[in-house]
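Questions regarding the structure given below will be posed in turn.
Letters A, B, C and D mark the chains in the order given here, with residues in each chain numbered from 1 onward.
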Amino acid sequence: MKFLGFIVVCLTGALLLYGTGQFPAWGDPGSPASTHLSNYYIEKTVEQTQVPNIVTAVLADYRGFDTMFETSVIFCAGLTCFLLLRDFTEKKERFYRHRPTGVILHVKDSEKVLKVGKEFEHIDKDFVPSDLIIKTVCRILIPFIQIYALYVVAHGDFSPGGGFQGGVIFGSSLILLAISYDLKTLVERIKEKVLGIFAAVGVLIYVGIATICMPMGGNFLNYGMLAPLLPGDPRHVRALGMLGVEIGVGLAVMAVMAIIYINIVSEGRHDEGL
Amino acid sequence: MHWPIDLIVLTFVIFCAIAAISVKDLLGTAILFGAYSFMMCLLWAIMGAVDVAFTEASVGAGVSTVFFVAAVFRTSRRTKD
Amino acid sequence: MDNYPVLIVVTPLLAALFAGLAAWIEERLSYPIALIGLAISTFSAFKVLMRVIASGTIQYRMAGWAPPIGIEYRIDLLNAMVLMLVSSVAFLNLIASYKSVEQETNDRAASFYTVYLLFVVGLLGVTATGDLFNLYVLIEITSLTSYAMVALGDRDRAPLASLNYIFIGVIGASFYLLGVGYLYMQTGSLNMADVSRILQSHQGSSIVLTAFILCMIGLWIKMAFFPLHVWLPNAYSYSPVAFSRVVAPLMTKVMIYIMIRLMITVFGYDYIFKTLHLSSAVVWLATIAILAGAIMALAQKNLKKMLTYIIICEIGYMVGGAWMGNQLGMTGAILHILNDALMTFAMFLAVGNIVYKIKDVDLSNLTGLFGKMPWTMAGLVLAAFSIIGVPPTCGFFSKWYLILAAFEKGAYQFAAALIISSLICAVLFFRVFEICFFNTDSKDHEHGNGHPQIKIEEAPVSMLIISGLVSLSLIVVGLFSGTIVNTIILPFLK
Amino acid sequence: MTDLLPLIVAKYNYWLYVILMMIGLYAMIAKNNLIKKVVGMNIFQTAIILFYLSIGYKKDATLPIVEVGHEGQEAVVRALDYINPLPHVLMLTAIVVSVATFGVAMALAVRIYQRYQTLEEDELRMRLSEE
């Protein structure tokens, strides 16, 4: 296998090097890639869409159709992880900790579930007493991360960022909660059902905004047709359409990141994690 | 773009890539892989692709590494090569 | 202005999302939602096909931007035919799948339908699009959903088969993406028609040659062309039946459609056959693929696995036909996309019915099936005749075009391989029939006196009706193949 | 030699993308551990992203974010001043696809480990042939 791999790699490398020979000079402003389409985008974007960040404009408007399917890819990844790993069977082996004394109860092969409350708490198999410093720092940090994520989503039109990045950052704030406390804290705060619905609704917002344009008289995804539905300056309607779409992307990505993490780290049982 | 910076970062990228696939501990691979992604993100930021660099910083160096560590946590660190 | 072209793709996507929501709220709703989505999609595909036949190519601009700036759907006769094929096969399969999905995926049926619909969305989008990068994104949707589906199959072996499929699938898709990058570097555009126009003046460039090789290798990996086929048999035979029934006929055929699309629309006949002279080399490769597929099929002991190797053999036919470099060959290849999809579908429907009753389809378990499942076996026999190429069925006509093309070009080895592989298929299927027909259970022989009562245990009616319908369509399409060639394929190739 | 050096320096991004791509491909084909293969897959995909972004780079140009004044007054935008935004858009999509594939691959690895208690390919093959 190693030898075969080596030969395949060398052949590919040789092909690519052969192709590199006639590349245009590095960073040449006159190369075909930088003259044909890109000039149109650079010069017309602000005029046509009122969005200064050209990347966002091209992503969500000119090539919005790609981005719609990109969001579907993410949704599909979340769904796949759920389908592959989710295991609804309850584990027979459970661990409880008596809060006042710190005594740990190990329950084997029992259908009986102890009532968790003031006296007892559920714990993981490898119990580590939660670290006060980490907990406190994370508790302060998480809201700020989330606000930053919202900022990234909302400000995607003017600065680097957008729905996808914002969604990932929001999702990682949830993951941070799961790591610094424990997985159960996260699963109790945000139910699996909510995450699943968020993922579908996020993509649905995107496809829905795109579909509404058709009965309004335009082509699919043509945000310009949404003007009668939206308040404000009709010139900004494309920017508003993009914002709506980005919110959908952010919602879907946030939910999917959390779903993937929860399922991988607990092998689909949603009980204990990192 | 300043080419010495570019060259240094590129060298680091290749170093991290080779190290990530040859280290004999999967947790080490996870960390080196995160470093690789971060170096890549720096490189793209230098090249002016801020949006892509932003995404790579949050995805490649952030969430991917977490998924990786989670998967290693649920499987094993052992690797033969 | 009507929106039928985009409705073909968007309704299944919307249906997938609603089915995904329904999975959390009311699980029983997801099946009707999926059914409605695919029905609208099939109807739109039919409308589009009729309009394209009547008045030529349709262009649809996404978001209203003119082609090289935005993404466009450009639907000509070839697209329209493949779209109709994909949507109707997916729709019919969904009707037939209700029972077997319930049986195989127990409590996750709703999520199964969501993934299934997304897979169909990917295939439809790949077919309709006129943009090179959009094609990549949609290929990724189909791939990701098929990884998921494969992994849902056989509990023990499917995850490993799926992971290997991921590795090879990613290499294939990335090679294609890299090829698009090279094209973009040379032309600065991503729209197929625009790229093709600019490429006219760059025929000798090494960048274009590299792009061409990378795209073709990527697609060959995706379609499991012979030396690159290793992922296919395991992935297809371990996946759930409801899925293998739709992936086996459609996935490879759509990839072949993309190859033909790139050859004709993007790079152009002249570049491939006059500048590069690759034709005879690829026809030789296809010849080897046909023979290798047929011989490997002989060695299999499992019905499903045997069929997957026959698929590999059929891919050789189509690649060889497309690369023959003459009109007859291309006609044969395009007609074979339609015919092969239909006959593989008919075959897998019959196999699905058998799997529904008998879990394990090792050849030794199939004894006495003619008695137990007469209707299913009738469908199987028709499909098998079509794959072998017996005259009134459709398989015969496309093979006929391919052989004629081989003679016209002088590629006698290809014609010989075609005939040999047909003979091997005949041997294979008659072996299956023999097992199913003659070797009835030994218990019945021991009782011996008079006629042992064989209980008929057929699959559910919904599965039987679809299976019978598709099997009959093999003959209908065969009888009308002259019409199909004259109204769709020849005008397209002109 | 005097000609070669400027050539190498002028296109070093392209050379290095080829090297990264080869590293990734080699890891995917030749490595024995499944997770190592996934890492190789990711390196392979990022190498392609590097290639695309290298196409889009323009000398003496700035980030593709137009500086606009206040409402209504739009300055003239010169295409030469901004880096080509199209490859960035395409690669955002590619990154998303790669993270999706990565997640699914990791989930599958966990699933395989649950069943076979190993991630080494040769051991897996041995277990499969035993059964």
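Just so we're on the same page, contacts are C-beta pairs under 8 Å (C-beta built on N, C-alpha and C of every residue); 3 or more make two chains touch, one makes a residue touch a chain.
All values reported here derive from a predicted model rather than from experimental measurement.
Asks: Keeping to the contact definition above, tell me which chains border both chain A and chain D.
Replies: B, C
Asks: Averaging each chain's C-alpha atoms to get its centre, pick out the one most distant from chain D.
Replies: C
Asks: Counting C-beta pairs in contact, does A-B beat C-D or the other way around?
Replies: Taking the two pairs in turn, the one with more contacts turns out to be C-D.
Asks: From the mean C-alpha coordinate of chain A to that of chain B, what's the distance rounded to whole Å?
Replies: 19
Asks: Which whole number of Å gives the spacing of the CA centres of chain C and chain D?
Replies: 30
Asks: For chain B and chain D, what's the span in angstrom between their mean Cα positions?
Replies: Result: the chain centres lie 11 Å from each other.
Asks: Express in whole angstrom the distance between the two chain centres, defined as the mean CA positions of chain B and chain C.
Replies: Chain centres of chain B and chain C, defined by C-alpha means, are spaced 38 Å apart.
Asks: Enumerate the residues of chain D that touch no fewer than two other chains.
Replies: Correct list: 13, 19, 25, 54-57, 59, 61, 64-65, 86-88, 90, 92-93, 96-97, 99-101, 103-104, 106-111.
Asks: Hunt down the residues of chain A that sit against at least two other chains at once, touch-wise.
Replies: Where chain A meets two or more other chains at a single residue, that happens at 16, 23, 27, 31, 33-34, 37-38, 41, 53, 55, 63, 66, 70, 73, 76-77, 80, 84, 160, 164, 260, 264, 267.
Asks: What are the residues of chain B that contact at least two other chains?
Replies: Only 1, 50-51, 55, 59, 63, 67, 70-71, 74 qualify.
Asks: Draw the chains as points, connect those that touch, then say whether the picture is a line, ring, star, complete or other.
Replies: If you draw each chain as a dot and join those that touch, the picture is no line, ring, star or complete graph.
Asks: If two chains touch, include that pair; go through all of them.
Replies: Every pair of chains meeting the touch criterion: A-B, A-C, A-D, B-D, C-D.
Asks: With touch defined as at the start, can you tell me which chain D residues reach chain B in the complex?
Replies: Interface residues on the chain D side: 9, 12-13, 16, 19-20, 23-24, 27, 31-33, 35-36, 39-40, 42-43, 46, 49-50, 53-54, 56-57, 59, 61-65, 83, 87-88, 91-92, 95-96, 99, 102-103, 106-107, 109-110, 113, 118-120.
Asks: Spell out the residues on chain A that touch chain B in their complex, using ranges where they run on.
Replies: Checking each residue of chain A against chain B gives 27, 53, 55-56, 160-162, 164-165, 168-169, 171-172, 175, 179, 257, 260-261, 264-265, 267, 273-274.
Asks: Provide the residue numbers of chain A that touch chain D in the complex, in ascending order.
Replies: 1-2, 4-6, 8-10, 12-13, 16-17, 20, 23, 25-29, 31, 33-34, 37-39, 41-43, 45-47, 52-55, 58-59, 63, 66-67, 70, 73-74, 76-78, 80-81, 84-85, 158-160, 164, 260, 263-264, 267
Asks: Applying the document's contact rule, which stretches of chain C touch chain A when the two form their complex?
Replies: Its residues touching chain A are 1, 3, 6, 10, 13-14, 16-18, 20-21, 23-25, 60-65, 68-71, 107-108, 111-112, 114-115, 118, 121, 125, 133-134, 137-138, 140-141, 144-145, 147-148, 151-152, 159, 182, 184-190, 198, 205-207, 209-211, 213-214.
Asks: Spell out the part of chain B that touches chain A in their complex, as residue ranges.
Replies: Residue list for chain B touching chain A: 1, 50-51, 53-55, 58-59, 62-63, 66-67, 69-71, 73-74.
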